[in-house]
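Letters A, B, C and D name the chains as they come in the text, with residue numbers starting at 1 for each one.
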Amino acid sequence: MPDAPLGVALIGTGFMGKCHAMAWRNVAAVFGGAHHRLEILCDTPVDKAEAFAAQFGFARASSDWQAAVSDPCVDVVSITAPNGLHRPMAEAALAAGKHVWLEKPMALTLDDARAMAALAAEHPRQVTILGYNYLRSPAFQSARGLIAAGEIGIPHAFRGVYDEDYCADPDLPWTWRMTHAAGGLGALGDLGCHLVSHMVALMGPVAELTAMTHIAIPERPSPEGPRKVENEDSAMALLRFASGAHGSFATSRVARGRKCRLQWEVHGAEGSIVFDQENMNELWVHRRGEAGFKRHLTGPDQPDFAPFCPAPGHNFGFNEQKVIEARDLLVAIAGGMNAGPDFAAGLEIERIIHAMASSQGAAVTLGGDF
Amino acid sequence: MPDAPLGVALIGTGFMGKCHAMAWRNVAAVFGGAHHRLEILCDTPVDKAEAFAAQFGFARASSDWQAAVSDPCVDVVSITAPNGLHRPMAEAALAAGKHVWLEKPMALTLDDARAMAALAAEHPRQVTILGYNYLRSPAFQSARGLIAAGEIGIPHAFRGVYDEDYCADPDLPWTWRMTHAAGGLGALGDLGCHLVSHMVALMGPVAELTAMTHIAIPERPSPEGPRKVENEDSAMALLRFASGAHGSFATSRVARGRKCRLQWEVHGAEGSIVFDQENMNELWVHRRGEAGFKRHLTGPDQPDFAPFCPAPGHNFGFNEQKVIEARDLLVAIAGGMNAGPDFAAGLEIERIIHAMASSQGAAVTLGGDF
Amino acid sequence: MPDAPLGVALIGTGFMGKCHAMAWRNVAAVFGGAHHRLEILCDTPVDKAEAFAAQFGFARASSDWQAAVSDPCVDVVSITAPNGLHRPMAEAALAAGKHVWLEKPMALTLDDARAMAALAAEHPRQVTILGYNYLRSPAFQSARGLIAAGEIGIPHAFRGVYDEDYCADPDLPWTWRMTHAAGGLGALGDLGCHLVSHMVALMGPVAELTAMTHIAIPERPSPEGPRKVENEDSAMALLRFASGAHGSFATSRVARGRKCRLQWEVHGAEGSIVFDQENMNELWVHRRGEAGFKRHLTGPDQPDFAPFCPAPGHNFGFNEQKVIEARDLLVAIAGGMNAGPDFAAGLEIERIIHAMASSQGAAVTLGGDF
Amino acid sequence: MPDAPLGVALIGTGFMGKCHAMAWRNVAAVFGGAHHRLEILCDTPVDKAEAFAAQFGFARASSDWQAAVSDPCVDVVSITAPNGLHRPMAEAALAAGKHVWLEKPMALTLDDARAMAALAAEHPRQVTILGYNYLRSPAFQSARGLIAAGEIGIPHAFRGVYDEDYCADPDLPWTWRMTHAAGGLGALGDLGCHLVSHMVALMGPVAELTAMTHIAIPERPSPEGPRKVENEDSAMALLRFASGAHGSFATSRVARGRKCRLQWEVHGAEGSIVFDQENMNELWVHRRGEAGFKRHLTGPDQPDFAPFCPAPGHNFGFNEQKVIEARDLLVAIAGGMNAGPDFAAGLEIERIIHAMASSQGAAVTLGGDF
């Protein structure tokens, strides 16, 4: 970590842009350490950038992301622009010697992700971290720790879903997000990659998978009449992990009534753990010999909760996950371990979701490169 | 239905035997109609049969099932003997002109099930019904009715699991139930067939599936030392239904902490329905435009609850499902519709679970015979 | 217990009448022992009695309850008639030397209950038991046992409610049940007495209480125009137990959305227990040092479940509580302990609910007679 | 609102101090508007104040709160110091012309609260607001709005509890917080006042109440040997509201397993609403004619959620309540409505909890001053 406070550039002011901004504003207050210079807020048009720079407390505004990512006052770049811009922005930032905090999914295509990971490998002193915020919640970290510590024995099965319903309405208009070229994958890219991030963190590498995808609403209205949806509304997969365990996986953007149901369970020889992001402050743990599942409310006995609140049962929030993510980034910049996923680990996630997208019911081996 | 009360023979006095006995004792009291003659209780050895005949209120006891199923005083036979005896008993009963109420799974092998269905087809005036009791609960019937009535629109996705943990303990001794020859399928035969019964009732026929099976505990202790487990501890599948919908499916007998988690959800264009047999008196329904899922407690507004209790929220029990099953059988014997599954429909369930058992990750088409 | 099977008379064929009938039909099948002679079914008019005698399997029908309760073939009388008839029927049955199984509430007035308890005391060889079925569920018995065994330490606080909504609709017509003279107490008599039965079983005797009652819907429609509701729609109380613990209590028949919410929690020095009859197969237990509450699904590890089902998580039903109640009665008739409440214990429950009804916000001491 | 950004002084750096700091850092970023000058961080000793000033981003540190509250650069004072200092600090800030954001409970004694409210009334152009953060959550605001809009009809009953277990361990050492002189009320002051804030917001003024208090653990260890606990571990009350509705109320700091169970339900003529702060992102609503309660997950359809997150089901956090509280303060300073509670409304809350503390089972009328 440089002696002077880090200079931050933030690109994008949407859902995730604001989330990054709040994280940047609070990470030092929560965890201690130097406050960062909120240097450049980048969006288009420039007056929008200026308005948000004022709102989020950035020193400058810009509509020129190339200039921003190579600005000498900037040490780290938060990229929350549309997915199609992830690659050029991340590559430019890396080339300019910056650390990169990039929203998921990493890129539109697997080739893009490969190229980005390769470039990051050439810049080993620059930190890359992807916005898999659901990895940061105290309950998830606790679950991961319990499994790693052998508390439920060797895991032999995983069951996971990530369902939302933001595309469930057939009247929802067609957008470019529903095309391969501009939107990349569908539910797999939006939601499935988060579930993969949890799955791999809990179960280790995937050896093989078979998947099916489905487009529940094949056409959607547009001003020019009905247009075809190209990417998947939902996907399902069976998996074998390198450990020998097996698993099932499903994700949907058309699951009516589900809002953030990133839900999974792991069965081990000595117990089970169940989690649902819609109730992200509850972890359900069963241990051999006990009568049922225990509801473990999030509290200071779980990782990273205490700096936010000393009292258990006082709910941790979605946005606070991002504060932990910022802290993870800063630890890595300071020379500590990168909690990740960095671009290399992010590529593994991309390989899995693209394998699911292309499986069409056939088994795909993930051991080697493809 | 014959004018005289039906004479009943019950074979077996275990978990399901007692469950049938309670159903036979209460079905007329609950639903009205003639009481049945509880004619012969059949088990081995004969003194056990005699003790249970006294307990369950049967007129006679016998250790000779062949004699029992062909006894002229018997009109209907409840078969709850071990799975390997299902075929010979059912065939003998059919040959003797009796109606048959047979516990699931239908048979050890698909060939057995085919032969049984063929024989039943030759006896169209005799009713066959399989013990898929989870189809009978008021909540399930309500769910099925809501879907059939289009309340959630056209279903496009199914997610189902049936998990228990009765084999989760590695110290559990090896038994013949864990062999193909004597036990047939593992989790698929014990649990998975129930989930298939729900799935098919909700989603219609399966067109294609891909499945993987897993043996989590490959060897178990026996007096002669460790012995190999042959049938699956768990299975997972992806499915395409004839309707075009798709689904995921998983079942396990080694899912620590799960006791009767027959849980599924159906996503439709206009809503979703979620059910879990561990809370069999709750049905969760979401409809487009509403804020979330509604908890519908079982009550007299659901099918078949009112004859048991006029008050909602007064829990329906597992055993009472079997009373409805007996009623379904009696309706069919009286010439009404057979709510099923009869042996023909049961064969379809067997085809699905055997396809899952043999898929090994390859797609299996279910449209034709195999 | 007489050598010959007990002869049973059942008075009433409504909700509880049918429930008693099902219990009488199944108690021996479930628990073993001699089957009872279902001797006389009593209701008015006689053709209704005849129809139900046939349905429930009773040998004879009668519309003359006086004759029925003194019939020499009858050993035990199930009384499920309207509350105003409880006293004369129970007194006649006791006078005729019969055992009495009486539905709650015991009587319309406290004076009636006192007289009944006094008469029962004069017939110590005849068993009296009241229909507090919610005391019988495996989960409740388990909770009671855990507390008695000191598993949560000394209880210091009780919180209980019993809410339903069967009178929540203002359009519900006025009935005689809403008068003091014919209906007795309102929510306290229908629901509150059940909650008292739980509370006393868990916490011991009540020393003092203060209560308020409320009539939410003061007038209801009748053919003669709006009529006044006399008894309480809801009641709330604060209590001090003889043990020194304290508690809160509330009951309502106008709590929209609640169907059978008999819900309570007990806080002890070493843990807490939480129960809700709407999910009567779940018991929630927290012990000091553990992270949260554990969901204990009903199973054969809880009292009286195994004879119904060997498998945990296979839901116990409301009606099955009554089978256990019948067994409790039979054990007492056979000379075993009376699990109760007998008329003496029932009088204590009546004293508490009548004290609540009359408190009007003033403290009432329950130590002595009143 | 002054043209220049407001200058903020924050007193205290504990649980609530940090919570205020995070709110001050994010309120403008979330809701827009000018950023505030974080002017003075006040705590003792001064090096602690300096460390926290750096961490929270305040310009200056001080150990002299009198100087801080009268500093000309300060416009608004956040007071999070121990309860015994609330009165002198608030009075000094008001006297110095500052706006006051004061943590609850308002003061140690009712006399103190009266004096503070009187002083605030003399400074009508200065805003006072109390830290009743649980009033701010989107789910609570939504509930309050539904009731105010008549969605559940006229409320006739309230049931509320607020339980935690932070004092449940008998080994927890004695502290000055357990004395009347230094700690004020016990559970009522820590927790009960929050429940009162909800209750009054939902049900309107309290007309009359009867309460009991309880000390479950009368002595606690101290270095000088066991010392007496003076203030209540728990309290329970019955209430009549000015509206005619009635209610029950209970709070405990010794309820094992409860962490932040601020739970209540309101029964209305047309529906019911249920809330539990431990699951603060769920609101349960039942409406007449519907089958059960609907789980409404927090989302942008509820007040004040959208500025934090555009996506439903993405959990709102405890700390974010405080950001809304800061916004409420700023709106009032800018001349808008004070969402409150201001000191006048806070005094009403104090009157209720002190009435509960002193009732000892006798009815207390709250209509007039006492």
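Just so we're on the same page, a residue touches a chain if its C-beta (ideal position, glycine included) is under 8 Å from a C-beta of that chain, and two chains touch if they have at least 3 such contacts.
Since the structure is predicted, the reported quantities are computational estimates derived from the model, not experimental observations.
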Set of chains adjacent to subunit B and to subunit C
A, D
Could you work out which chain's C-alpha centre is the most distant one from the centre of subunit D?
B
Pick from A-C, B-C or B-D: which pair repeats the contacts of A-D, with over half of them the same residue pairs?
B-C
By how many degrees does subunit A turn when fitted onto subunit C using C-alpha atoms, rounded in steps of 5?
180
Taking each chain's centre as the mean position of its Cα atoms, how many Å separate subunit B from subunit D?
54
So, in whole Å, the Cα centroid of subunit C is separated from that of subunit D by 42
In subunit A, the residues touching two or more other chains are 258, 290, 292-293, 297
In the complex formed with subunit B, which residues of subunit A make contact?
152, 156-157, 159, 161, 163, 168-170, 208, 210-212, 214, 216-217, 234, 236-238, 240, 246-248, 250, 252, 254-258, 265, 267-272, 286-288, 290, 292-293, 361-363
Interfacial residue positions of subunit A with respect to subunit C in the complex
285, 290-297, 301
Which residues of subunit A touch subunit D in the complex?
15, 18-19, 21-22, 25-26, 28-30, 32, 35, 55-57, 164, 166, 258-261, 277-282, 297, 299, 308-320
